[in-house]
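A, B, C and D are the chain letters, set down in written order, and residue numbers restart from 1 in every chain.
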Amino acid sequence: MSEIAAPTGLLDRAIRRITSVWREMASGVGREDDDSIEGQMRACLAGRGGEVSARNRAAKLAETYLRLDTEGRHQFLRTLASFDADQDAVETALAELQAANDATQRAHAQMRLRRALEPRRIRLLTQFTTIPDGIKFLVDLRATVLDMMANDPELVALDADLRGLLANWFDVGFLELRRIDWSSPATLLEKLVGYEAVHEIRSWRDLKNRLDSDRRCYAFFHPRMPDEPLIFVEVALVEGIVGNVQRLLDEKAPLQDPHTADTAIFYSISNCHRGLSGISFGNFLIKRVVGLLSDEFRNLKTFATLSPVPGFRRWLDARMAEGLPGFFSEDEAAAIRAAAPGEHPTPEAALAAILAERGWYRNANLVRAVEAPMLRLCARYLLQESRGKRALDPVAHFHLTNGARLERINILGDRSEKGARESATVMVNYLYDPAKIEEYHEAYVGEGRRHASSAVRRLLRS
Amino acid sequence: MSEIAAPTGLLDRAIRRITSVWREMASGVGREDDDSIEGQMRACLAGRGGEVSARNRAAKLAETYLRLDTEGRHQFLRTLASFDADQDAVETALAELQAANDATQRAHAQMRLRRALEPRRIRLLTQFTTIPDGIKFLVDLRATVLDMMANDPELVALDADLRGLLANWFDVGFLELRRIDWSSPATLLEKLVGYEAVHEIRSWRDLKNRLDSDRRCYAFFHPRMPDEPLIFVEVALVEGIVGNVQRLLDEKAPLQDPHTADTAIFYSISNCHRGLSGISFGNFLIKRVVGLLSDEFRNLKTFATLSPVPGFRRWLDARMAEGLPGFFSEDEAAAIRAAAPGEHPTPEAALAAILAERGWYRNANLVRAVEAPMLRLCARYLLQESRGKRALDPVAHFHLTNGARLERINILGDRSEKGARESATVMVNYLYDPAKIEEYHEAYVGEGRRHASSAVRRLLRS
Amino acid sequence: MSEIAAPTGLLDRAIRRITSVWREMASGVGREDDDSIEGQMRACLAGRGGEVSARNRAAKLAETYLRLDTEGRHQFLRTLASFDADQDAVETALAELQAANDATQRAHAQMRLRRALEPRRIRLLTQFTTIPDGIKFLVDLRATVLDMMANDPELVALDADLRGLLANWFDVGFLELRRIDWSSPATLLEKLVGYEAVHEIRSWRDLKNRLDSDRRCYAFFHPRMPDEPLIFVEVALVEGIVGNVQRLLDEKAPLQDPHTADTAIFYSISNCHRGLSGISFGNFLIKRVVGLLSDEFRNLKTFATLSPVPGFRRWLDARMAEGLPGFFSEDEAAAIRAAAPGEHPTPEAALAAILAERGWYRNANLVRAVEAPMLRLCARYLLQESRGKRALDPVAHFHLTNGARLERINILGDRSEKGARESATVMVNYLYDPAKIEEYHEAYVGEGRRHASSAVRRLLRS
Amino acid sequence: MSEIAAPTGLLDRAIRRITSVWREMASGVGREDDDSIEGQMRACLAGRGGEVSARNRAAKLAETYLRLDTEGRHQFLRTLASFDADQDAVETALAELQAANDATQRAHAQMRLRRALEPRRIRLLTQFTTIPDGIKFLVDLRATVLDMMANDPELVALDADLRGLLANWFDVGFLELRRIDWSSPATLLEKLVGYEAVHEIRSWRDLKNRLDSDRRCYAFFHPRMPDEPLIFVEVALVEGIVGNVQRLLDEKAPLQDPHTADTAIFYSISNCHRGLSGISFGNFLIKRVVGLLSDEFRNLKTFATLSPVPGFRRWLDARMAEGLPGFFSEDEAAAIRAAAPGEHPTPEAALAAILAERGWYRNANLVRAVEAPMLRLCARYLLQESRGKRALDPVAHFHLTNGARLERINILGDRSEKGARESATVMVNYLYDPAKIEEYHEAYVGEGRRHASSAVRRLLRS
């Protein structure tokens, strides 16, 4: 997703768009300026020649960046990161604060201190906003920072600043919700194909099926990136909760009349830009879409997701390796060992062997043997395993934070190769009950309590 | 312009729009919450129930505000202003900063201190962005703060915060330039009539003349206030620089073929929202429009304003009252005293008497007597009088900052009652020469040097 | 409305648009052609150089026409009218028809005869369709034909052909219904002001009142004349049937909440183009608008017009002059004679004298004296007077043909100068009852029966 | 393409759209009407209940038709065709014409006769225009008439009437030219794939290549069928005339900068609706697009097609079978016989054998042997073979009529299976020279003269 990987054509186009503006704006930029990157940045901050000139310099700086290779960009970002707060100004303001005698003086001193503490790179980054595609430039820049930050702590503060700026500009209040359907521009549909992160779109036929009359697709857009979806959700209008994603993706399935549907299944939510990670739209998107669908289809009673359990298989494998004494009933243990290929000393080892078998989920005998313990294991994974105060599974954490409850666990919910590898074919439904959202959110965020249907809770007890 | 003055109908509509959203978003807001204004604000900051609920509370808070009378709003704003930085957090962060041992620790401590110093009211204000018309709400709120702040210093910091937020959201990069013409919606045209601040639009006929084929009108808009112009400029395409605004406003004047015009006269620039004062768009607007016009009309060579000199008359009266020994030549002094009604001991007194005469500018004798000294006086006023480092005249300061030069001074440039009262009928042309803008800007901002044409400079010397 | 009267500016613009296309289409038109008007027309019909060239010739012909003065245009139209059917071809086809031996031969011969009978000017007129504004050109041409035809029977057949072509192109199926409101382009609103034929729009303020939230305005447009309304209707949403138009036009009247309104009053319908007279849209417009309003406002129960009675006063004066023995009761006769200014031998003369009094309708005494007999007279005028098989009053004929019934007669319904002069201040309501429209239409068109409410019918009997 | 073949879903949708309007329009249609198809048609013509009711009946009639199977539709169309001119009225009008005494009487009588001769089915067909999709309904109806007419001469006159009506409504003046590109709605792009008749679009990737920045695609649309292209053309912007279509369809070919291109190649023109056959848009489309491209790309000098020669192979096979004594030079004859598989008595037989060889065009030896004679044969086929006064090849006839000249003949121009089968791999370029279009058109249409480049003419002489 980062610009580095952008095909040359795109990159050239971006540079051309940026530089054309730079040229079109009257004025000779920095004829005598220091042309090093640090010199350019200094000139941007100095702001000679008025606002317009300053922004022209920002355009030139963006162009410089886009022309660099990976190593060059890394250096660029480090230089950028080095434009920290002006330490002299900070010292002065701190001294002033200590010398303050009354509330008013103190208030003023604090305001000045706050300003002094603002890293100068923030002013620099802000200057990119007026160049065309400037916002997109910053989003892509952050994607690169995130990539490089893993091995370079010097970039952490730069990331925090970028995130703060982007969070401000991408405030949900500025976003526009648009429906996407088969009459949307092909350019946009093509992007959906690229951005879909949950269930790969295999063809235009597959895509058309997902945009048919019994489906809905909505995305958030930002006015400064009008052709770029930020996040999108795919919804199927069906009768009753669906536990199997292949059923939804089946292009030959008959069309449902959406006006008789009683259930909306949110079966895919994809964030489109790594550069916006940590800035959350999903919660709002789901709730806005629930509102829109309720208005359009009066028969809808149930709003639920069909979600993967991406960490389940790894967690399961680890549990099987270390053993789970007392977890399996005797009957279960016998059945699993009987069904497993080869001889295994423990039911844990037998279960692991079954899951290691290629295509085990197409063998009814194997499925029968593992189904009951796997449902229990998944309930435990989702409701009892934690990472700090959060649910260990990231998807569960997202929906629980939004105020949903865990409604159903479905074995064989996703029989794709990826589904087997990550989730051991399990998919789950999270239910959004408008009347409970606030209460459940509060319970999870406040006390860490995770709500679930009685059926799921029963799995834990057995 | 402030909401207080809004006709009841508008207010009701605003409340209805805000509350409908508030209701539509699922969830019971603050059933047990403290319903006082301060209680509501506290609840907003506490953020129970997730982001959606928090924003619902903001909507309710906005509704509460809109229902208040002037005094109620004043109290509301004072309460809001009292949500300052959390002093405990500030103290802690300061201590941490002092304890920092190395650069990394220090950097982290500074980041935390900066966050601690952020007044809590900023988070509160930000929550208004997602309610419909929330941005307009904040713009209007600031207009009220500005009004009340004159007599209440407690609101100064609140104004600074609002200005900071608005400056961020109304960054020129987010604005959209649109042309306005006679095929624009009547709702929008009606707003132009209301917002025109320089030369009042007297009728739809007058407006139509200003939008004719030899005119251009451009405005900046913000995506979150799509029906509200923020600033607009009116341009006439003519042959040669025009020094008289009545000529431009004459509805019966023959149409100029815009493709043969060699000069674009910017004869009116109006800011539309007091709540955005101090956030400058004018500079960008002029330069964008110069660019657009250059592209459309290849014959255009000259871009100049026709501008009022709003402080000239007051300054002139003061100078005449205190006397300007040696300023008038003997011939001038004699001519002025001869032309003035009554007997006057000094040419200064005689000049003052002439200008005090109602409609003096319709009397050719009087005009002839005062013309030469008045042009000199105006050149002096514009080029030599200062307020701090700025030109005393605010319009001159604006255009000089933008990099324009003072090109021509025109007596009888504006014969309207307002023109006589404020500018003694003088209008001036500021010239925007794309090749010089940067240099002139730098000269004025850096060294306080004001550029002018040789003709105007000669006035100073004589 | 005819092009002759068009201000030079408009005319020039039309010529410029037409000729620019003519030039842009490659090819040398008729270098060797006869340049006389008849020669140009011949060349158009000959069609040398392919379709594109032929249409270029049509553009040149249109330009020739637009440059002519009134007399020149008259000659042009006469020349055009002379391009009748080819008489040789007609004779040949007639002979062929007579020689036909069987049904198939006869069918073919009839088809050929029909083609031979088609006047050649029809092919010529059709060629104008591809030039820009060509349709508008033909509509305006017909307006001129209609004007000139009154004194020149040679143009009658040309008018019939034009009407046939226009009826074809302006088939209701091709029209687009659009709502017009205060956010419509000022260019369009300005046209409404010009085209409003029933109750003059006095100012933009008046117009804005008619487009307020308790009003609706709809117009038909044609895709080839996208900026030109063809016909428009103004509707007020009110409680109960309104009998007085000044009440509707009162700009200071309080706003009605349209969602609580139970009645839609169609108080003005204006055709915009004389060149389309005889091609009826009004019937469809009313019924489409009834449908739209029913969908939007569920509380609406009653759809009625508030209509003038434009021939009433003239008819009334004639009746009074010839006398109406036995019409007035004794009490009525006495009251009228007592109220009338001066002495009068008969109640008829006294009534005429009252109506001749300037502003009689502002004098409560006079109104009281005439009210009852005038209501009876108006009922008689509308329901019993005929012109051939049609109602004498043209507005009554229009609504009765559409299937409406006469619901109410209101004295003092229109106190404007025009209302008094034409309708003796009377306005009436025609009621559109969707369940009865077909039946009433059939009764009127088939048997000449005019439906009316029982209240109105009672007036006839008394 | 005909409605009969329409998938049930589409048909149902069409019926639903039509009937919903039928229901929404107030009024009870034909409660007592004869429900047979002929009865319904009679009722439509009788027009009881006013225009709105009449059109409701048309909607019901359309619904009746759409629900019929193939045989039922055939009967329906025969019934419709039987609504001929009213013979009594024709007789009366003929008698009146014979009795006419002077020019005026004769003119009136002719007008009445013309009206009497108009088949009543025309009025019936016209009534379909106001139902939604009514125009599309008639276009599809005509497609069916054309299919059935081949075996049923009773439908010929109905086809002529339909064609006349459609020609009127689809007059080029009413059409809208739109550019289609990759940001067009997917629904529209999907239609292109279906309608492309010259070079099949194999995938979305192929389509995207055809809409890339060095390509242009334009289509005509009608306001009443806004989502349906009527005809579209695909253009490649290249350097120099291209003789090979695979080069243009190669998705991996590098992008040409369109601003440096000197040649526009029109490589595919497809009509989209069989129901509009005989109503020509292609000529106008090409000329409008030539105009648009000239404006956008100043470097374009040459406008040429790359066209198939669809009848060439069949004609060639027939010539080879009957022998062409003296056509081949001795060297050619020897080379062909040497290259051909097997022994052949004549060069004609040998050439036929080569072309019968599967994939002969991939064998350089074979190509070398046949190239020269085949170019000569193709020149002869295109320039000398006739069908009546027209060029035998339909594509040649189309472009020659438009005023193009035959510029170049390219062997191996289309190596697809279809290209080999129909055109023996030959493709040709027709050149549109704006300065010559009219002259060439006139020469071809008037005298049957076919213009060609000197290179092609040389082929004929050798």
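The criterion applied here is as follows: a contact is a pair of C-beta atoms (placed from the backbone, for glycine too) under 8 Å apart; a residue touches a chain by one contact, two chains touch by 3 or more.
Since the model is a prediction, treat every value here as computed from it, not as a measurement.
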item: Both-way neighbours, i.e. chains that touch subunit D and touch subunit C; value: none
item: Centroid-based (C-alpha) most distant chain relative to subunit C; value: A
item: Mean-CA-position distance for subunit B and subunit A (Å); value: 41
item: Inter-chain centre distance, subunit B versus subunit D - centres from mean C-alpha coordinates, in Å; value: 61
item: Distance between the centres, which are taken as Cα means, of subunit C and subunit B, whole angstrom; value: 51
item: Multi-chain contact sites of subunit C, meaning residues that touch two or more partners; value: none
item: Subunit A partner contacts - residues on subunit B that touch it in the complex; value: 24-28, 48-53, 84-85, 90, 94, 97, 104, 107, 110-111, 113-114, 117-118, 126, 129-131, 134-135, 157, 160, 168-169, 171-174, 223-224, 283-284, 287, 290-291, 401-403, 434-435, 437-438, 441-442, 445
item: Subunit B to subunit C touching residues, read off their complex; value: 9, 182-190, 204, 208, 255
